Amino acid sequence: MFKIALLGAGRIGKIHAANAAAHPELTLSHVVDPAAEASQAVAAATGAAVASLDAVLADASVAGVIVASSTDTHLEYCVAAHAAGKAIFCEKPLDMDLARARAAADSLQGARLFLGFNRRFDPNFQALKARLDDGSIGRLETLQITSNDPAPPPVAYVKVSGGLFKDMAIHDFDMARWLLGEEPAEVFAWGSCLVDPAIGEAGDIDTARTVLKTADGRFCVIANSRRSGFGYDQRIEAYGSGGMVRVANVLESTVQVWTEGGAQADRFQNFFLDRYRDAYRQEMTHFADILAGRVGPSVGYTDGVAALALAEAAAQSLKSGLPVRL
Amino acid sequence: MFKIALLGAGRIGKIHAANAAAHPELTLSHVVDPAAEASQAVAAATGAAVASLDAVLADASVAGVIVASSTDTHLEYCVAAHAAGKAIFCEKPLDMDLARARAAADSLQGARLFLGFNRRFDPNFQALKARLDDGSIGRLETLQITSNDPAPPPVAYVKVSGGLFKDMAIHDFDMARWLLGEEPAEVFAWGSCLVDPAIGEAGDIDTARTVLKTADGRFCVIANSRRSGFGYDQRIEAYGSGGMVRVANVLESTVQVWTEGGAQADRFQNFFLDRYRDAYRQEMTHFADILAGRVGPSVGYTDGVAALALAEAAAQSLKSGLPVRL
Amino acid sequence: MFKIALLGAGRIGKIHAANAAAHPELTLSHVVDPAAEASQAVAAATGAAVASLDAVLADASVAGVIVASSTDTHLEYCVAAHAAGKAIFCEKPLDMDLARARAAADSLQGARLFLGFNRRFDPNFQALKARLDDGSIGRLETLQITSNDPAPPPVAYVKVSGGLFKDMAIHDFDMARWLLGEEPAEVFAWGSCLVDPAIGEAGDIDTARTVLKTADGRFCVIANSRRSGFGYDQRIEAYGSGGMVRVANVLESTVQVWTEGGAQADRFQNFFLDRYRDAYRQEMTHFADILAGRVGPSVGYTDGVAALALAEAAAQSLKSGLPVRL
Amino acid sequence: MFKIALLGAGRIGKIHAANAAAHPELTLSHVVDPAAEASQAVAAATGAAVASLDAVLADASVAGVIVASSTDTHLEYCVAAHAAGKAIFCEKPLDMDLARARAAADSLQGARLFLGFNRRFDPNFQALKARLDDGSIGRLETLQITSNDPAPPPVAYVKVSGGLFKDMAIHDFDMARWLLGEEPAEVFAWGSCLVDPAIGEAGDIDTARTVLKTADGRFCVIANSRRSGFGYDQRIEAYGSGGMVRVANVLESTVQVWTEGGAQADRFQNFFLDRYRDAYRQEMTHFADILAGRVGPSVGYTDGVAALALAEAAAQSLKSGLPVRL
């Protein structure tokens, strides 16, 4: 059993706490959060002790930490945990600022840092990746990533979110890199405010189309909207020399109703915690594998920096109206 | 070009007339119908001449006839046309009475008689048959035939229809024989009146479940209802030693609407003339092939008798409440 | 927290143990199994103590028991647990013998006995039931239950299984009763040995078609096979006066591959523990609700007896070749 | 009956000839083609007379012409036919050169010119349009048009095709305009040669991603490839404020095969003449409606010019690497 500590007991922290507590190889020993109510709730549910960050880092029996605190603390906590010899499971994004993220490279040299790009752990996207890897469609040529939220977040959130590209499309940039197996060479992005004028007034967009191009001319189109109107819309189509493989949305059940109006399938899952429930579990299993030394992190610091670089390039393209070379 | 004559200018006769007129190898030369209005309408639309049955049979230039008249005339017209040396495309059923149908065996000896079990010519069911024949699912073990009309016919029609088994399930009995490649050895049928009490008062049923069993224990379940509530419901599932092949219903378009309520496909085709439009065209092509001597009828007199025998056995089982051995 | 004990630490017992251990309101305090290795494995994984049945029944702090032992002990353990004042979560079937099951009625009078017909707790079948209840398809008229295992069990198992109807179709009889909301009045069954001759030599069948009929003429067809060739095939179609609602099989992922060969969806889930993983969790939640007094058992002793009665009637029909009135 | 003449008896000309001949209101009276073999074949199949263009234009009994000759003659024939008072059904594109097409505006003033953008007449895309018009998804915000050919054409064809944007994407530009109900204000296009290096050597691309943007910030992404690897891939997704409506590809049949490998649907239709068979028939019905004065052309000269303008803008963007304002 590996003892691990949770830093940050908010919404995503609670998910990770429950998964850690249920994992047969992990014990959630400590929970750290300045908000006493939040940390105590997690402690009560899991049997972990409420603790301070310093105490956790000083405790040699703690093998790893989960960094689920606010984004501006991610880098600092990662660096401190690495210095204390802990393995790290850090929530995405690494940071809001590319330069800051890059500046941490030296301090994180050699870190066992697993960055939580959860979509890579979704069974559906993993099945897609497996089909690409086993040659089901020949050589991958183009990608179409559709990534629409069910409904826009409050404007208050939008204002501190870092903008659509860093807050929302960052996942899609990571998926593009993961599936293409190559860094995009050029980015072009257009964006609009079609969903909620208040988002525009806050200086952000709610709808975007981003095109990535690799050095050898392969493409990835990313379609983002803050509101789908029908649920959590997370689909990918991958075209290769021998066909296409795609991931469809997940329905709440397999029920179909046939009436005069047509054939109606159930609703799409509406909430990311439902859609990615299994992905979060798989992340914790991966962290256990890292702690046990069976594998290294499959996604980490350099991936976090690269996704952030794409997000900044997209934002720059949106501003200039021109393609941006990376 | 082969000259052919149409006997019977009703709803299905008009379909065949149009398909014959459009076929590059066929000329619809005559149309026969005691109802002058009906025969004249077909004549006007196709360029055929209105004629009497005797004239058609006496005209040596007429190579074939389409028997689309009322069911009680089918056998008589087939026998007369065969005696006159014509090839025959006869609508199903051969007759309402098994004994009568069997009694015609001698008179129809050697007839080029093509019986219009249209479902065998539907591209979807043909694709199913092809999958069975090419071994896609190994040896066929069981069948599930679902065959529901969109809405019940008028009770006046029900009264003269010969009953659900002869009028409606007759198609399914033919499909079962065609796909099983063997005569069922035993039949069990249960029926009810769930859709329209007036059908029950007319002495018929509107809902039935019929199970066919072959000598070696393979099964076919036929589910019939006079009303589906969602369109023309014509599906088959065939289970083999290596998997399953099935035919789904045909939708009016490939449009799908995704809203908060779920994913909605278009309506199912509602009308048998839509669903089997291509099947009727393929029937005419088959008739042209027969006239040209390229093939013999793929379905004919013996199939008509066998389907009728199953319908009578099902009716007998319904009455007695016991399985019936054939 | 309610303390509960597990009686029987076999395959299904382990599932229930894990779900009980993970449930926030339940503590698995004891595990009972004559096979020391099995009980110790569960004890190690969950923190429960290995104990004897007598000790468990005598321990007033134990609020409930899970009966997951061999079928021939179900009734005895239920009766004993009830006498000791415990709530009971008993695996299906209640017993292999209808007369014996009926004879236990008095001893189980007033028991808080929840019978684990797991399919009622599957989210897909629950969604089907919800559509029936909310009137989505009007009045329910007929059911088609398809229930095929991926592959036949070893013949050694078949010999002690009680036969296809009690071992396998028992689930479908329960689903039929649950969905029809009424006891079937008549049963007709045909069976064959098409999959494995050894099953026939063992005196059982591997393929069956059973038709249930209610007093007012509604039908349920149950199609069973010990081998589907494509995975765990668990589907239901329910037809009503206004349309149809159906449950499709569950795929391993939403991935689709499009190549020259067509559009290929992922494989169907192959294993009942995968397909019904969520159902088993929901069962445990229901048991917690019963223990807390929030609800009574939604399915219990009378349901177990009724399903067994249908299974015996089907077996009798198979033997006699005649419909059986209940 | 309206007498119409066919100008150009190539592949698409033959389709129109057969549809005209089969239309109850139309008579194909003449066929014009410098290639005697081609015109005689159409004449033999339809009963039309082989004639010269001058004779057709001089024949006052001819009400309309179908312009299906080589693209470089389209404008000239349209102008001549209009001058002779004929209604015109002209194949797309209007011309290969935007300036030339614009220059014909005066000569075609008042022409009854129907331009054959066949996809507008496809029942599936019409169903999509109907859903947009009836408010099924609220206000249309973004479009995703996927338009991939089954396999690349011979390089000899590519060389004279006018390039991917004018030859292939021209259809998609027209669909974008039709569905958006508005002229795009800006175009950005990237292209590559991923399918066949010979296409690149011929100076063309075989893969493109084009983004259109309207004045109010709505988007349309067009994905084109000369080779899909799985059939004729013609899909559209339209996102609105209340959901999404999409058109799926058309399968050869509704057959599905379920085996250990998964659920396999039939192949996608591979050939544009199959996929758009009904669209071509509907076009002829629309032309008959125009001839009868029941409607004006639903798509004509200005649509042809506008689609060509988008194609030229896309080509210019591809060349410059910058967005192009229209």
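Each chain carries a letter (A, B, C and D) given by its place in the written order, and its residues are counted from 1.
Rule of thumb we're sticking to: a residue touches a chain if its C-beta (ideal position, glycine included) is under 8 Å from a C-beta of that chain, and two chains touch if they have at least 3 such contacts.
This one's a predicted model, so the numbers in the text were calculated from it and none came from an experiment.
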{"item": "Greatest separation from subunit C - chain, by CA centre", "value": "D"}
{"item": "Intercentroid distance (Cα basis), subunit D paired with subunit B, Å", "value": "39"}
{"item": "Cα-centroid distance, subunit A relative to subunit D, in whole angstrom", "value": "42"}
{"item": "Interface hub residues of subunit B, defined as touching at least two other chains", "value": "137, 229-230, 242-244, 258-260, 266"}
{"item": "Touch-based graph of the chains, sorted into line, ring, star, complete or other", "value": "complete"}
{"item": "Footprint of subunit A on subunit B - complex, ascending", "value": "229-231, 251, 258-268"}
{"item": "Contact footprint of subunit A on subunit C as seen in their complex", "value": "22, 24, 45, 123-124, 126-128, 131, 136-137, 242-250, 252-260, 266"}
{"item": "Complex contact set, residues of subunit A against subunit D", "value": "137-138, 141-142, 144, 146, 148, 188, 190, 192-195, 207, 209, 211, 213, 216-219, 221, 223, 225, 227-230, 233, 239-244, 321-323"}
